[in-house]
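Going in written order, the chains are labelled A, B, C and D, and every chain counts its residues from 1.
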Amino acid sequence: MISFSLFGAGRMGIVHAQNIDANPRATLKYVVDIDGGAASRLAGKYRATATDLETALSDPSIDAVLIASATVTHADIIKASVRGNKAIFCEKPLDLDLRVAEECVDLVQQADIPFALGFNRRFDRNFQAIHQAITEGQVGDVENVIITSRDPSPPPVEYIRQSGGIYRDMMIHDFDMARWLLGEEPIEVYANGSCLVDSAIGLAGDVDTAAVVLKTESGKLCQITNSRRAVYGYDQRVEVFGSNGMVRTENELHDLVTHFGRDGVVSAKPVDFFIQRYEQAYRRELEDFVSAVLNNQPPLVTAVDGYRALLLADAAAESDRSGKAVRL
Amino acid sequence: MISFSLFGAGRMGIVHAQNIDANPRATLKYVVDIDGGAASRLAGKYRATATDLETALSDPSIDAVLIASATVTHADIIKASVRGNKAIFCEKPLDLDLRVAEECVDLVQQADIPFALGFNRRFDRNFQAIHQAITEGQVGDVENVIITSRDPSPPPVEYIRQSGGIYRDMMIHDFDMARWLLGEEPIEVYANGSCLVDSAIGLAGDVDTAAVVLKTESGKLCQITNSRRAVYGYDQRVEVFGSNGMVRTENELHDLVTHFGRDGVVSAKPVDFFIQRYEQAYRRELEDFVSAVLNNQPPLVTAVDGYRALLLADAAAESDRSGKAVRL
Amino acid sequence: MISFSLFGAGRMGIVHAQNIDANPRATLKYVVDIDGGAASRLAGKYRATATDLETALSDPSIDAVLIASATVTHADIIKASVRGNKAIFCEKPLDLDLRVAEECVDLVQQADIPFALGFNRRFDRNFQAIHQAITEGQVGDVENVIITSRDPSPPPVEYIRQSGGIYRDMMIHDFDMARWLLGEEPIEVYANGSCLVDSAIGLAGDVDTAAVVLKTESGKLCQITNSRRAVYGYDQRVEVFGSNGMVRTENELHDLVTHFGRDGVVSAKPVDFFIQRYEQAYRRELEDFVSAVLNNQPPLVTAVDGYRALLLADAAAESDRSGKAVRL
Amino acid sequence: MISFSLFGAGRMGIVHAQNIDANPRATLKYVVDIDGGAASRLAGKYRATATDLETALSDPSIDAVLIASATVTHADIIKASVRGNKAIFCEKPLDLDLRVAEECVDLVQQADIPFALGFNRRFDRNFQAIHQAITEGQVGDVENVIITSRDPSPPPVEYIRQSGGIYRDMMIHDFDMARWLLGEEPIEVYANGSCLVDSAIGLAGDVDTAAVVLKTESGKLCQITNSRRAVYGYDQRVEVFGSNGMVRTENELHDLVTHFGRDGVVSAKPVDFFIQRYEQAYRRELEDFVSAVLNNQPPLVTAVDGYRALLLADAAAESDRSGKAVRL
């Protein structure tokens, strides 16, 4: 049984609290949030206690921390948790600054404590089936990966301003997906973005629509598309092409019903956003972390994965500025 | 908060125990099973107590019973529960004997206690979307309903022998679906069955493959197909046709990935069986019952629905024997 | 090279004239129609001559006749063609009277002349793929066939009055499909029809919606659904279920484009009617007949097939009247 | 009625000869090919005459030329046809040299003769439906176009050597598609290619796998993927994303049948290659040209379109060499 301190009682904190509670091998003991009321409400719902960082990390009965607080707090909580010798599950990203992220990775590796990063998509049943198809040889040698990620609607511009930009905030998930499916590190990154959805995003110095090309040492190519707005719902698809064929996944839909009418054949839209699409993935992700801690085995997503994805995000941002492909 | 006594610690009892435990408005207090070990194991998992029928029904803190025991026990537990004035959720069927079923319905109605019957399919997201499309007028006047139900593999012949036959045991779900979607009672039933899957089923006096036609007063037609074996998984589909178009649902699949290869385009199979397919439906079904009890409102599926479906099953069995349509 | 006399310059005559003209091994010489103007126009389009039955059958350069005239004329033209020793392609049905149909079959068999009946659906690429899957063993032992046929809109009631009724006029195609896919003769027929689409059809003594169950000697079951109106287009689907799995076909669509929008995911409707759906099938059907004549091999659909389908249609009509399954 | 001289009796010449013959408003008079035997065989099949360029262009009864000969001959035949004042249908590309292509465009425009370029994909029913959805506003403002083109297998390396490279030979179709769907000229081109399929292609100085990003003045982005080999058949898909949603098309399949079996759900593969996929598109393309000539209206694809696509191909080739985006 793993006893958790949860940092962050916002949207993702709520998801993780629920999953910890429902997991037969995990229990939620503390909730920490700068907003004490939110911490208390969430803690109360699951018979946990709202507390501060000190207590949450010094209590020897705590085995693990789950970091779902604001990005700027991640590195500090990681460092404190390492000092407290707690296993760590951290939402993406490690940090928006690559050097800080690297520092975290080093600390975690030196302390040799279990660390999982929240690239939840790797736990989606569809992306897992795609990864399995690759490892089982159904695709042959992977030659081309195409990743589509579109959010239903853009976040508030205040969020955009402190997000690190689309490549670090949103496409970072796709960079991780690319690395996982390519099975090889990208060594070349080209990015080109536009502000087409919301001009306020452009004024904030960011883009809302972006296209990226990655290339690995052996020449595999990956294309990524991002948009901050898709009126038909959350759009998360992957296509992997290789010497033996192609695998691809469609989006999860609200239901599997189709209506055949005078004006066409209408079926259900993709589910709304990540909370719905990755509901099961979040549960599996936690399960993987709990197993990693209990069985002393590596989690599916490590601190290094968090660092590598950020490296690609930085390269993409640079490429978008310079108009040249960036070599790593 | 509703406190439950659960009867039956077998496959369905396990499903319901888990859902009661996970439901924030329900709690499991007692588990009763002829197999005391099974009752204890299941009770232990959810901090409940294994006990006998007396205790389970006489404890005044118990609000409701959930009957998931063997079919032959249903009527007696229903009667005892009515005497104990407990709200009742009963797995299908009420009983295999129509008169006994009618007696149960009468008792329940006279006592005016909340009663829900476990026709779980009405809570499937897809069948709900179909029903909603009908009520919203997307189909127009319903003219034709086509229901396909195929189990992945036949049950043991011992089960068949005491099952009441395919019409009462398996197709009864489809009769309920037909009534729900037709929006009108069938008045004519034609059934024709064959033993094509397993000759032992034929020796036991039953069929394993069956085709049924229902007709309502206003002339709506419904066709039902059953098979006890489908090598590709659990096959549960519905198509509703009417003056404004058609709605239909596909099966739930293991995942949404497709592989394009030399030998064809391969996608995932339907999920294995009812436990997987209706996992969410069982949760919603319980939720509906809990709401019915707490808010004093009728549940979606009533005792009368259980009786009506059995009436159709009996008529189908008679039609299969006689080769004639049976009028109700 | 096969030289044709074409009887009938209506909708089907036009289709066949075009296909004869486009077929490199066939040529259209004469067109005969009670409406001389129509015959002339059609003949003129393909450098053929409008003429009368005498000439069309006595010209020794004529190898074959194609009968696409009104149903009532079929038997007489067949008989005259047999006397003229011409190969015969005849649109369905042979005749609405079973005895007349039998007479035609006998004549044709005694004269041993090539005879093909126009059950065009057997030449559809999808139904051919289904048939091939069966013969290659992908379905295993066929246990259940489900056939859906819905026309986009009902014909004028004048047509209905002389059509022989839905079973002989419309469902006869499905009876042929059933025999072809079951691979065994049905021995039991149950039919139940309603008038739901157009009350004028009911006043004319016919139904517009019908459900049929067929059973073969070995117990295979087939279900057929017909409607005279489907607002979403021509609906022609088949599903074959057996010990190794299921094959089914979707309808041909206008295109393969899908629009993902705010209100749902919309794709194209099925093509409008038989002229569009079976455009290619009509060409292949003619090609099969031409090959049969030139290579002295049996065509895919024979006079006996026409007779057998009519036998089932008659049995269905009788069952609908009596409410009992009819044994053949 | 348009009378044609056809240049080229190879694969594409055969397709066009057949379509000219089948078109009621067109007739094939001459076939010219360096291989006199091929010219004679093709001419003979359609009652045309094999001849030389002089005759084919000087005969005053000839209205139009169809150029389906080797790429190196295109410019000369265009020039001679302009001198002969014949309407011109020319297979892609105009020429591999941009200056020569420009010269052809100028000549054709000065002479003001009807000229259509063979970007056949614009006549595919699916791509037409996508274009129509855009023009009807179903996509809103186009923001992102994703084009996938994969050939079933690579051509012989001798072909590769004189092809001008993947961008000019293969992706040129996608550049035209991009321009057509973006509705705006790309001003920035990034390309990155690899040799992953056949090392002989790399030795010949070309790539067989390529990823391209285009950007227009207003910031619309387009991503193109090419591969010279797809084991599952010809893969030609397009996805267009915008402010009101997304439209996309699937490939044309051999049939619409699906087999549900023990090992998965298997459906038919995409059709083999362009001859099958674009069979109907080639007919429509010719029809469009014939209408353009007869009605004195612009054809859907002009000489300028041919030039513009080549411009993008050249830019892509340069970008692939330099690793930088090329601005136009």
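Criterion: a residue touches a chain if its C-beta (ideal position, glycine included) is under 8 Å from a C-beta of that chain, and two chains touch if they have at least 3 such contacts.
The structure displayed is predicted, hence computed values, not measured ones.
Interface comparison, C-D versus A-D: the pair with the greater number of contacting C-beta pairs is A-D. Farthest chain from chain B, judged by C-alpha centroids: D. The distance from the centre of chain A to the centre of chain D, each centre being the mean of the chain's C-alpha atoms, comes to 41 Å.
Those residues of chain A in touch with two or more other chains are numbered 230-232, 235, 244-246, 260-262, 268. Chain B meets chain C in the complex at residues 141, 143-144, 146, 148, 150, 188, 190, 192, 194-197, 209-211, 213, 215, 218-223, 225, 227, 229-232, 235, 241, 243-246, 323-325.
By the touch criterion given at the top, residues 22, 125-126, 128-130, 133, 138-139, 244-252, 254-262, 268 of chain D touch chain C in their complex. Listing the residues of chain B that touch chain D in their complex gives 230-232, 235, 253, 260-270.
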